[in-house]
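Next up: the structures, one after another.
Look for chain A in each of the two complexes below; its partner is chain B in the first and chain C in the second.
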Partner chain A sequence: MAEQVLMLALSPTMEEGTIVSWHKKVGDSVAQSDIICEVETDKATMEYESVNEGTLLKILVPDGGKAKVGDPIAVMGESGEDISGLVEAAEKKAAAARAREPESEPAPKPAAEAKPSAGAEPAGAPAPVSKPQPTVPPTPTAGLKASPLARKMASEQGIDLRTVRGSGPGGRIVKRDMEKALRRAASYGPAAAVGVAGPALAGAAGAAYTPAAAGPTASGKDEPVPVSGKRKIIAKRLSESKYSAPHYYLRIDVDAGAMMAARARLNTRLPKEAGGKVSPNAFLIKFVAQTLKNYPSVNASWQGDTILHFGKIDIALAVAQEDGLITPVVRDCGSKGIVQIDRELKVLIDKALSNKLAPEEYNGATFTISSLGTSGILEFTAIINPPGSAILAVGRIHKAPFVEDDGSIGVRSQMMLTLSCDHRVIDGAVGAAFLSDLRAMIEYPIDHLY
Partner chain B sequence: MANYDYDLLVLGAGPGGYVAAIRATQLGLKAGVIEKDKPGGVCLNIGCIPSKALIHQAELMRCGKELEEIGVKVDASGLDYGKVFAYSRKAADTLSRGVGYLLKKNKIDLIEGEGVIASAHEIEVKGHGKVTGENLLIATGSRPRSIPGFDIDEKVVLSSTGALMLEKLPKRICVLGGGAIGVEFAHIMNAFGVEVHLVEMLDHLLPLEDEEAVQVLVRSFKKRGVKIYTSTKATGYKNSGKAVKVSLEGKEGKQELGVDQILLVVGRVSNTDGIGLEKVGIKLERGFIPVGNYYQTSAAGIYAIGDVVNSPMLAHVASKEGEITVEHLAGHQTPTRLDPHAVPSAVYCEPQLASFGYTEKAAKEAGLEFEKAVFPYRGAGKSVAVGKTEGILKLLVDKETREILGAHLVGAEATELIHEILLAKTAELLPEDIAVMTHAHPTLSEGVMEMARMAEGWVIHV
Partner chain C sequence: MPVIAFRQALKDAMDEEMARDENVILMGEEVAQYNGAYKVSQGLLDKYGPERVIDTPITEEGFTGAGIGAALVGLRPIVEWMTLNFSAQAFDQVLNNAAKMRHMSGGQLKVPIVFRGPNGPAEYLSSQHSQSFQAFYAHIPGIKVVAPSTPYDAKGMLKSAIRDDNPVVFLETELMYASKGEVPEQEYLVALGKAHVKRAGEEVTLISFSNPMHMVLEAAQALEKEGYSAEVLDLRSLRPLDEQAVFESVRKTNRCVIIDNDWPMAGFASYLGWLVSKNCFDSLDAPVELVTMEDVPMPYNHAMELAVQPSVEKIMNAAKRAMYVL
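Let's turn to the complex of A and B:
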C-alpha cells in the first residue's frame, strides 16, 4: 500500500526543512534506513533515512523546495500502484496549509476612519486603549487536537505539535505525549535544545564576520527582517542563560609568549602532511582541560536541586557562521593531546561552516571557549553556554608593555582572558583560583609536569 | 482451548465487582458474579448509600432551625429515629434490588454463596459447586477495623455497620477516628441532638485532606458543639452498665470521657482471608493484594480491584479499577492504572468537603513550584441568598505550565462542584479555560469560576 513520506523533525527544534538534494530517483527501490534525501534544517544539513521500504513513486517536493514538518514530500509504495488519490490528498493538504496561514478576521472599521478629513476626534469614538494588546500570531497548529496544557507545554518547550502523536481521546495530544516528545528531544543532547554559545566569533579558521555579508547599508527605511529558526533558538537559549544563570566575570592578563613559542616550535617540527599548523585554540583547549581536572566544580552544571559534576571534559569552541553561530564540541579533551585536539577541531569547524554538524557534535559542552582575537578584540565578556557553567572569552594576542618584577619595563605577548561563571555553581574564589591556575598553566606549562 | 463457564468470573458484587461484570458484558464477555450477601456490597447496603440517607434527614433536622428564624414553630419532640432508620434501609434495599435488576438485565449470572478460589480458573461456591472462568476478578472489599482494647460488639463498641443499624440513638457518643466516616457520623449524630466527642490520633481531622479546608469544617463543627480531640489516643474503656468511660491520652495528658456508646471508625481491613489466595500463590503485601498494570495479580489470569488492593478505599475507585481491568481484557486501549491525582474524594457532612490531587502540604513536599487561589464562598452571590456562605474553594496550580495540581472545596454542594474542576484537570484544561467560561448567575458554580480567575490574577468578587 502506497504511503506518503512526511518531512520529519530531524532536529528537536526543526519546524521546516529544505530539500538539498534527492538521493533516490522515482522508480528507485528504497530499503529501510536508506538515505533518500538531504534536508537542510534550522541548524544543519541532515540525511533523511527512510523508515519504510518500497519504491519511490513520486517526489512532491523537488530539490530546493521547502516543506513544513509533517507535510508530505514524496510517495512510496509498490511500483505500478495507483497513487493519484494520495498525490491529490497531499496537494490538497499543501493548499490548505497555504490557505490557513493568515486567518485573522478584519475588524470592523472604527467610525473615525470613515471620515479621515475630520481634524478633531469625532465625538463618541472610543479612545484607544493605551496598553498594547498582545498580538496572536496565526498558528499553523490551530487545526490540531491538543489539550490546552499540551499546547502550553509545546510553546514553552519549543516543540512543534505537528511532530507529536496524540494518544488522548479522539487522538488528542495530551500531557503524556508531550512528555514523550520532550524525552525524545532531550536524547539529542543533555541541553535538550541546540547548543549555542555566547555572542562570540571564532578566532579559528578565518570565520570572521564581514559586514558585506549583512547586505546593503541603511537605506533610510526601517525594514523588518524575518527571524530565522536558528536566530530564534540563539535568542531563546542565550536569554535563558543570561536571565537564569547569575553571571559574574573575572579578567586576567596572561603572558602568551611561552605558548606562542611552543606553538611555533611544534609547527616547524610537525610533518607537513600531518594537516597544517596547530591553532592557538588547540593549545588553549588543552590548557583549560588540564586545569579543569583540578576544578570539578567548574566543569559542572546547575540542575535545579543538584549540581552535576561532569565525568568528562567536553570543550566547545564558538564558531561564527554566516547566519549565526554554533558550538562544536571536542569530546574528552582531558585525555587527548594538543595535536589530536587540533585535528578534531579542524574537522568540526569545517562541518560547522558548511552547516553539516550533527546535533551530537554541537550539544552538551561542559565548558566553552569563545575567541574574538582575530577580529582584533582586546577583551570581552561572553554568555554561558548551558549545560556548562563557565565560558572563557579570549582576546587578541598582542605586544604590550609590561612592568617586570625589578621595576624595569619590558614588552611581552599579552592576552586577556575573561571568565564568565554561573554563581549558582562556581563561587568567586573558586572561579578566581581556576583562572589564576589557568594563567600559570599557559605561562609555565612545564611546571605541571613536576 | 479450555472451556470455561465464564470469560470473567467476579468474586464480590460490590461497586467494584458488579460494575466490572456489567462493563464486561457490554464489551462482549460472558460474566458471572459470586456474592455471599446482597448485591451492591458495603457501599449500597451498609455504607455510602444508607449513610447519605441519614445525612439527608439530618439536614432536614437542621433546616428546622432556619424555619424558626422565619417564625415557623417546629416541634422536633416527635422525632422517631426508628423511622429515620427505616427510611435509610428503604433506600439501601431499593438500590440493592436495583443492582440485582441490572445484573439480570445484562444477563449476568448472580451466583449466591460464599466463594473460595480453588485454582487459577476455578472458584468453589458453597452450596453451588465449582464455577470456572477464564479470568478471575477478586473484588471482595473490606470490613471495619478494630483496635486493641476495643472489640466491636455492636452494642457498646459499634462499627460503622452497627451505627447504620441503630434504631435508637445514644445520648452521648465517642467517635474514635476522624476520617471521612467518623466525620460524617459525628455530623449525623450531632444533627439529631447526640452529644458527640470526636477523637483523632493525628494532628488534624481528615488527615488526608488539605489542612486549610479542614479548618473551615472544624470551625463549623465546634460552633455546633461537636467536641474535637486531635493528637489524642483512646487507650481503653470501662463499661459500668450505666455509663461507658473512655480513657483518652492527648497533648493535655490523660482524661476520661463518659458516654453511652463508642463508634470505632479507624479504618478498614481488606477481605483477603478465607478466599483461597494461598491456592494460587498470591501473597499479601501490607494487608493488600499486590497488583501490577491493569490490576493483574501475581497469578496469571487473576485480577484484583477495590478495597483489596492498595488504593483509596472508595466505591468510585473500585468501579473505575474494575473498568480498567475489563477494558484491558477486552483488548481496548485503557490507562494502566487509575491516576491517583485525578480521584475525587467527598465527605458528606455540612459543610461538605471535596477534593482531588495534591494538598498544599503534599505539593510542598513534592518540591512543586505552585500557586494557590482561595476564593471564599461568600463571594458568590448565590451563597448569600441561600444562607450557605461558609466555606472556601481552593485551587493549586503549577507555576510554569498552569496545570491544575489539586482542588479543595469545603462548603455547600462541594461534592457536586468539584467535578467541573476535575473535568478540567483530566481534560488538561487550564484555569484560564474555567475563568473565561460563562457561568450562570446566580450559582455556586460561579465560585469555581472566580477561584480560577483568582489563580489567573483577575478575580472580580473579592
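Let's turn to the complex of A and C:
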C-alpha cells in the first residue's frame, strides 16, 4: 500500500527542513535505510534514511523546497499503484497549512511529475466533488493508528507520532516502532539535553574566515541575501541569550609562558603517529575543566525556578564555519587528559568544518571557550552559550612587556582572558575568584598537584 | 518434600480440617461408601464415620440446600458436587440462599460452606457434562470462587476455604486429579485472593487458572525457545480477584493474553479483559487477547472436542498477535 513519506525531526529542535537534494528519483526502488534525500535542518545538513521500502512514486517537495516536520514530502509504494488520493490529501494539507499561516512563505510548487496522471483515474469515474473543508483544523494525530502505549511513549519522549512508521496491523504504531524512533532520535541527538534544548551557539569563532574577493556586491546595488536555517538559529539563540541573561565581563591578563613551554615539550615528545601537535585550546580546556571542579556554581545553568549544577564538565569550543559558527563539545573534560581532549577536539573540528556534526556533538555544553587569537585579536567579549552560564573569550598570545615584582621590566608571553557571566547564576565575586584561580592554574599548574 | 496427587492433596486438606474442627462435615453423592466418584474422599468415612461423611440422595438442590441450612446453624459443611454440571440443579440454592443470607440478615447470619467438585471439560463427556461454570459463579456477589492448578495450592486453598465464613465455590477438574506436585508435610494455608507469578517474563503476560495453566506454562516454554519472554500469572482465585497482580504484570509487559476454558461471551476472561483494558490502557501495546473455548456446545467427537478448546498452539498464536510477530 502506498504511504506518504513524512519530513522527520532530524534534530531535537527542528521544526522545518529544506530538501537540499533528492538522492532518489521517481521510479527508483528504495530499501530500508537507503538515503532518499538530504535535508538542511536548523543546524546541519542531514541524510534522510528511509524507514520504509518500496518504490518512490512521487516527490511532493522538490529540491530547495521546505516542509514542516510531519508534512508529507513524497509518496512511496509499489510501482503502478494509484496514489491520486494520497497526493490530493497531501496537497489539501499543504493548502490548509498555508491558509493557517498566512505569514509563512508560499510552499514551493510540487515538482512537474507530481501532477496526478489522468490515466491513473479509473475509467468513467465521476469527477471529484470538492467537499467543504472543516473550519477547525484536525488534531494532528487524530485518525493516526497507534497503541495506547505508543501514544504515551510519544508524549513522554516528545516524539511526533506522524514521523513514526507503524509496523502493526493497518500501520498501527506499536512499542517496537517507538523504540526504533527513540533510537533514531538518540542517534540524531538527545531530545532534551540538560534542560535547555536547542543548538548551542557562542559569540565568537575559532577558525579563519575568508573575506569575499570582490566589492560589496557584484552589481554594486543592495542585494538581499536569503537567511539560512543556521543563520536564523544563530540570530535567535544569541539574541535570546544576550537579552535574557544579564551579562557582565571580567578581564584578566595571564602569563602563558609555562603553558606554551609545556605544550612545546609535549609536542616534541609525542610520537609522530599520535596525531599531530597538541593545540593550546586543549590545554585551555583542561585548565578550565580543572578549575571548574572547584566552582560548581560556574558549571551551572539558570532554569527559572532552579539553578542546575551540571554533573559533568562538557566544554564547547566555538568554531567558525563558512556560513556561520558551531560549538562542538568535548564531553566530561574533568576526567580526560590534555592529549585525549586534543584528539577529540580535532575530530570534532573536522566534522564542524565539513558540516557533519550531529546535534549531540554540539548541544548542551556546560561551559564554552571562544578564541580569536589566531585572527590577531587581543581581547574581546563573547555572548554566553546556553545552557551554560559563562563563556571564556581568549585573545592572542603575544610577547608583551611586563613589570616584575622587583620593579624591573621583562618580556613574557601574555594572553588576555575575558569571562562573560550570567549574573542570575554567577555573582561577580564568584566569577572573579574563578577567573583568578584559572589564571593561577594556567601559570602554575604544578600547584594543583600538591 | 513429598510429591502427591491433586486428589490426595484435597483429601489431606479435608482430613486435616475435619480433625481440627468437628463442625466440618462432608456430604454429597458417593462421597462416603464409594470414597467419592473420583476417590477424593478416600478413607474419610472410615476415619470420621457416617455422621460426618454423608452419602446423599441424587438430588443436588436438596443436599446443597441442606448443607446451606447446616452452615447457617453452625456447621462448616463441604458439599461435593459430582461435577459442576450437576450444580445447575442446585443453582437457586447457591444464588439465592448461600450468596444472600449474610447480606439480607444484615450480617447476623453467616454461611461457612464449601461447594467443591470437578469443573469444565474432561474427555468424551459431550455437551451436557463438559461445561465450565466459573462465569456463572464468579458473577454472583456474596460468594468466593477459587480454582487452583497445583496440589500445593489445592491443599492450602481448600483449608482456607473451609475456614472461611463465606460460601466458597472450589473448582477442580477431572483431568487434574491425577496430576502430581510437591506438598510439604507440615501444615500451611494459601490465602484466597492472591495470584501467583508462575514464571517471570518481559514481553507478554499470559493469565489463566485451573487446568489450562499446564498448557499455558508449556506455551511459555515454547515461546521462550522462539525467543519471546512470557510472564505467566496463575490467578488461583477469581473472586476475590488479585487485580493488582494482573495490572502490575501487564504494565510491565504491555501485552496481555487471558486463557479461560469457558465460552467467551459474558465470560470471566471477557470481564478480566475489560478490567485490564480500563486500568492498563496507557500501558497496552496491543488489544487484550482472549483464548477461550469456542462459542459452541461441546462436540462429542474427540478431535472436535479438542479443537474447540484452548491449546498450546492457540495460546502461542495469541501471544504472538499481541507482540505483533504473527
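A few notes on this one:
In the analysis below, the second predicted complex is superposed on the first by the 254 of 450 C-alpha atoms of A that agree within 3 Å, B and C clash if a C-alpha of one lies under 4 Å from a C-alpha of the other, contacts with A are read in each partner's own complex, and residues count from 1 in each chain.
The definition used in the following text is that contacts are C-beta pairs under 8 Å (C-beta built on N, C-alpha and C of every residue); 3 or more make two chains touch, one makes a residue touch a chain.
All values derive from a computational prediction rather than experimental measurement.
With both structures placed on the common chain, the touch criterion links A:305 to chain B but leaves chain C unconnected. When the shared chain is aligned, no partner comes close enough to touch A:257: not chain B, not chain C.
Of the two partner chains placed by the overlay, chain B and chain C both lie in contact with A:148. Counting contacts by the rule stated earlier, residues 147-150, 152, 168, 174-175 of chain A appear in both its interface with chain B and its interface with chain C. Within the complex formed with chain A, the chain C residues making contact are 254, 281-286, 324.
Listed in rising order, the residues of chain A touching chain B in the complex are 147-150, 152-153, 156, 168, 174-175, 305. Interface residues of chain B facing chain A in the complex, by the touch rule stated above, are 367, 400-403, 427-430, 432-433. Interface residues of chain A facing chain C in the complex, by the touch rule stated above, are 147-152, 167-169, 174-176.
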